[in-house]
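Each in structure tokens, the structures are laid out below.
Look at the two complexes coming up: subunit A is in both, with subunit B in one and subunit C in the other.
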Partner chain A sequence: MWTDIVMVLLILTNMVVLGTSRLRACIRIVATQGVALGVLPLLIHSIETHILIFSIISIILKGVVFPYMLLRTLRQLNVWREDDPYVGYGMSLLAGPITLAFSYWVSTRLPMPFSIHSPMLIPVAFFTLIVGLFLIVSRKKALTQVLGYLVLENGIYAFGMAIANQQPMLIELGTLLDVFVGVFVMGIAIFHISRQFDHIDTDQLSALRD
Partner chain B sequence: MIWALILIPFSASLLSLLIRDDKLRRGLLVGSAICHSIIMALSWAQTFIPILGGFFAVDLIAQLFLSIASILFLMTSFYAVGYLKTEKHENKKDFLENRLFNNAPEAVFTACLLMFLAMMTMVVTSQHFGILWVTMEATTLVTAPLIYFHRHHRSLEATWKYLLICSVGIAVSLLGNFFLAIAASSHNGVSIPLMRGELIARGSELWTPWVKVAFIFFLVGYGTKMGLAPLHTWLPDAHSEAPSLVSALLSGALLNCAFVGILRAFEVTAAAGQLVFAQDLLVLFGLVSMLFAAVFIIGQAEYKRMLAYSSVEHMGILALGVGLGGSAVYGSMFHAINHSLTKTALFLIAGNILAIYKTKIAADVRGMLSSIPASGIFWMAGILAITGFPPFGIFLSEFMILRAGIQQGRYFIAAVYLILLAIIFIGISAIALRMAQGRNTRPLDVKVERRSSIMPSAILIFTTLVLGIYIPPHLNNALHVIANLLGGN
Partner chain C sequence: MTELILKVIQPLAALLLAPMLLGIINRVKAKFAGRKGQPILQTYYDLWRLFHKGAVYSNTTSWIFRVAPIICFAAIILTLMIVPLAGGNRSVFSFSGDLILAAYFLGLMRFFIVIGALDTGSSFEGMGSSREVHFSALAEPALFIALAAMARQTSSISFSGIFSAVTPHMWAGGCATILLASAAMIIVLVTENARIPVDDPNTHLELTMIHEVMVLDNSGPDFGFILYGAAIKLWIFASILTGILLPINGLPFIISIPLSIISIFIVSIIVGVIESSIARLRLISVPNLLLTAISLAILSLVFALRS
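Take a look at the complex of A and B:
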């Protein structure tokens, strides 16, 4: 039952992130999503020490560290809204349910060799993944693209939870570390972009082309 | 010994952040590069014991590709010493737009270079698909600051594209990892760990539909990093804006690492009985990459971008060779060596040209043979080598792949391959040879050409020339064994 609540929470956060233009709200929503996902391993697997440690680390990273870093960048840049995305908010919101339906359809077509803890896990993971990709390609601000990357990563993480969790913990931690350093480096890059260009609109990054 | 391979550059990287003295730090860079190369040379004489319960091991593929990376890193580190002497951490004029910019601190640059070597070592030697993924993403993150060494807006744009496109690409291959995990889970609840050796040994137990999906995701994900068209879009930007020695390492070593990722997935897919499926995909991606490269090389204005597109082409040839199977796999592996040596040499020379002519536009560079003869000669030699002119190694390896295509009766593929090679040959030589000949009219800032900026390229080009004439029996055996592993002969 709790797993399903987390799943519903994931769907809701995805929808909200699709329809929100205020960057600060977006960061908080993605953080919420990260925390919800961090709890997931405890609900799916039996509670053991290493799973507990892993959950705590991922909750701290996704719920506290990432939003802190991104909000700090936001304050430094003094950018608060994504005003003019490539795909408008109305269309984005419309794309949400369509993608969700599509994800359900895809997941019915995938034969799983083993039983999954919750039937919602796979479609919701796909949904989150597609929303992440959608955010990356449909938004102009570099910061929103990083959020899209985080949502994409969340989707993949949820997918990883869905399949029997057999990867050694070392690798799970390595994955988290990569995402952490990734967000860190992207944050620095955004800071430099704002200093060079006085904005963080990536559609203006167009000096290099053939 | 594997510990040493990983830990020497790793700890040197951390140390170089602490060292204040520039000379000492440069010494550390060269010193650890030499150590790494010596240990890699030892690996041809004795087998290294796998570490961490077999997570890291030097198998033949690792040995081949890590040796390439190690040699390139050594040569590049010699070049870097001279380069860093001239690139001070101070405000400089941007010759393109007359704006001021400065360079990243040298300590950070050196640290990232060394960390890059450590991460490449881990990518290539890792036997577990998860570790392969983690370290592959790490190479993206440590090379991003290298591309943004010159802090101006163009390199920043290149860095941003690189970070975002490669991170998304690699996220896709993480999904590939999960699909492979599904494929490896057996019906009775006990599943195969994602170790390369075990997956191959028990390949028949894998779920074939999931193995296929996993291979597609690996190919797309690591293919983004490898620069296979149409996922290559970050590559020309990053290569043209990064300092030339970084472009050299990206082209010569990093793209190969991503290729190793694809080869690991390929082995498993083949073991699961899906060899033909994987081969066909590689042929498709290979030819498409060559096509894209040909289209963009014709009339390319900038010489560094031209070299970058040439990398797309050669990555396509590597994929094509493995995809054709048979003796083409041998050719492809041999091609990987030759391409890395030649492309690194060319990028290092391109760095010299950029430093002296202060332009990236090929049409503005004229008369290299008369104004900077040493660079000019090796530029000519490198261009002939990269376009597949005999007796350089690339000619031999491209010919092997062509012959395999004809032997197998795949005339259409062989014809397309040959036509694209010809177009690219014309495109590159038209641009690059004109740079060497003619008379220069620009005011140049020629001091004496430094030996450290010529010797690395000279050694690399000489090596590929020798390989075109004589393949050492040791290497020959290794290439044959690898080809057998990858479904060829």
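Take a look at the complex of A and C:
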């Protein structure tokens, strides 16, 4: 039951991220999502030392370090809103349930070789993954795209949790390190983009000439 | 005999206690703002005063304006007969599909408030009516889909059946459906009862208000009926919310009924907290909020269909 509540929290945070234009609120929501996911391994598996350490590392990274870095970038850039995304907020909100239904359908077509802790885990992990992808393609600001990347990673993490007995923790830790470096580099890159061009709208970057 | 008493508890409790909900919301808001606030029983005094006044009718209005408040009140009383307080066979009328009838009684109430407002011929009230209809057209699908999800989850299409089926066991299996449906219901509750962040019940600013503007021309007992109806409507939505959320229906009625009345008051405190902590949304972003409610309801239905 607790796993299901975490899954519902995941769905709700995804919907909020799809529907808000305020970047600061988005960053906080993604951080909440990260913390909720960090608790997940403790709920799914028995509490052992290595799982506990893993859990703490991911909570600190996703709940404290990432939001801190992103909020700092936000302050330096002085950009607070995603003004005019490719897909509007109303349409994004409606895309949410459709995506979830689709991920349910996918999860029924995906035979698992072993039993899964909760029937909601796989579809919700897919849902989070697709929402992340959707954020990356439908938003213009580079910062929201980084958030999309984080949501995408959260989805992969949730998927990994579902099959964690089969998957060594080492791989998960490797993914976390990748994401950490990714966010770090992206923060710096966004800062330089805005220094150079006075905005972080990625659609205008494609019009660059020598 | 006990059966009968149990059946009339909900209408009686609502008629007696519903005005207090508005008082509690005001008190919570006053506490947040650091004010002393009006008495919790203020709505009762207001109703007493209004029912002892005469009504003033403008010359441009017709009989529609005069019957509208009475039909609204009748519709809300009939809804009250359908929605039970807690699970068990406790509503006055209960049959398969009564949730649709209840939703349409609420629709009837809204329709008569709207044509009563249009009947005054004031462009100002016309504006309010148009907003009210716009927002409730979006709130209604959310309500229906959330109820459909609960109906599917509990395999029953009456309020009593749904409320009775919510047990700790059901929570363990279908907490996703219940939580998402309740989240949608909270947004519907706030919208239907003209509360912040959708509408501000205290404002009399022409550009922003929705519900208040429609009843500006009503006076005396007519306005009393509308105010009383609004309080009971809040009670009804709060009892639907607590009914689908609380797994207390296995308990004997001596515990479960006081518990649900207390939780209805807790809902009103939560509404007060929401009102004090959130700013009113701009009119153009209200549809986004309602779309969120619809999406949550659809998500809940997806989960209900799966399990």
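List of remarks:
Everything that follows uses one rule, which is that the second predicted complex is superposed on the first by the 202 of 210 C-alpha atoms of A that agree within 3 Å, B and C clash if a C-alpha of one lies under 4 Å from a C-alpha of the other, contacts with A are read in each partner's own complex, and residues count from 1 in each chain.
The definition used in the following text is that a residue touches a chain if its C-beta (ideal position, glycine included) is under 8 Å from a C-beta of that chain, and two chains touch if they have at least 3 such contacts.
A quick note: this is a predicted structure, and the numbers were derived from the prediction, not measured.
Under the clash rule set out above, the superposition-derived model of subunit A with subunit B and subunit C shows the two partners fitting side by side. In the superposition on chain A, A:M186 makes contact with subunit B only, not with subunit C. Applying the stated contact rule after C-alpha superposition, one finds that A:G19 touches subunit C and leaves subunit B untouched. In the superposition on chain A, no contact is made by A:P85 with either subunit B or subunit C. Of note, the Cα-centre angle with subunit A at its vertex and subunit B and subunit C at its ends comes out at 160 degrees, rounded to the nearest 10. Look at A:G160: by the touch rule set out above, it reaches subunit B but stays clear of subunit C. The superposed arrangement places subunit B and subunit C with a least CA-CA distance of 23 Å.
Common to the subunit B and subunit C contact sets on subunit A is no residue at all. By the touch criterion given at the top, residues 171-172, 175-176, 179-180, 183, 287-288, 291-292, 294-296, 298-299, 302-303, 306-307 of subunit C touch subunit A in their complex. Contact residues on subunit B toward subunit A in their complex (touch as defined above): 128, 130-131, 133-135, 137-138, 140-141, 144-145, 148, 151-154, 156-161, 163-164, 167-168, 171, 174-175, 178, 181-182, 185-187, 189, 191, 193-194, 207, 209-210, 236-237, 240-241, 296, 300, 305. Residues 111-114, 129, 133, 136, 142, 145, 149, 152-153, 156, 159-160, 163-164, 166-168, 170-171, 174-175, 177-178, 181-182, 185-186, 189, 192-193, 196-197, 202, 205-208, 210 of subunit A touch subunit B in their complex.
Residues 1, 4-5, 7-8, 11-12, 15, 19, 89-90, 93-94, 96-97, 100-101, 104, 119-120 of subunit A are the ones that touch subunit C when the two sit in their complex.
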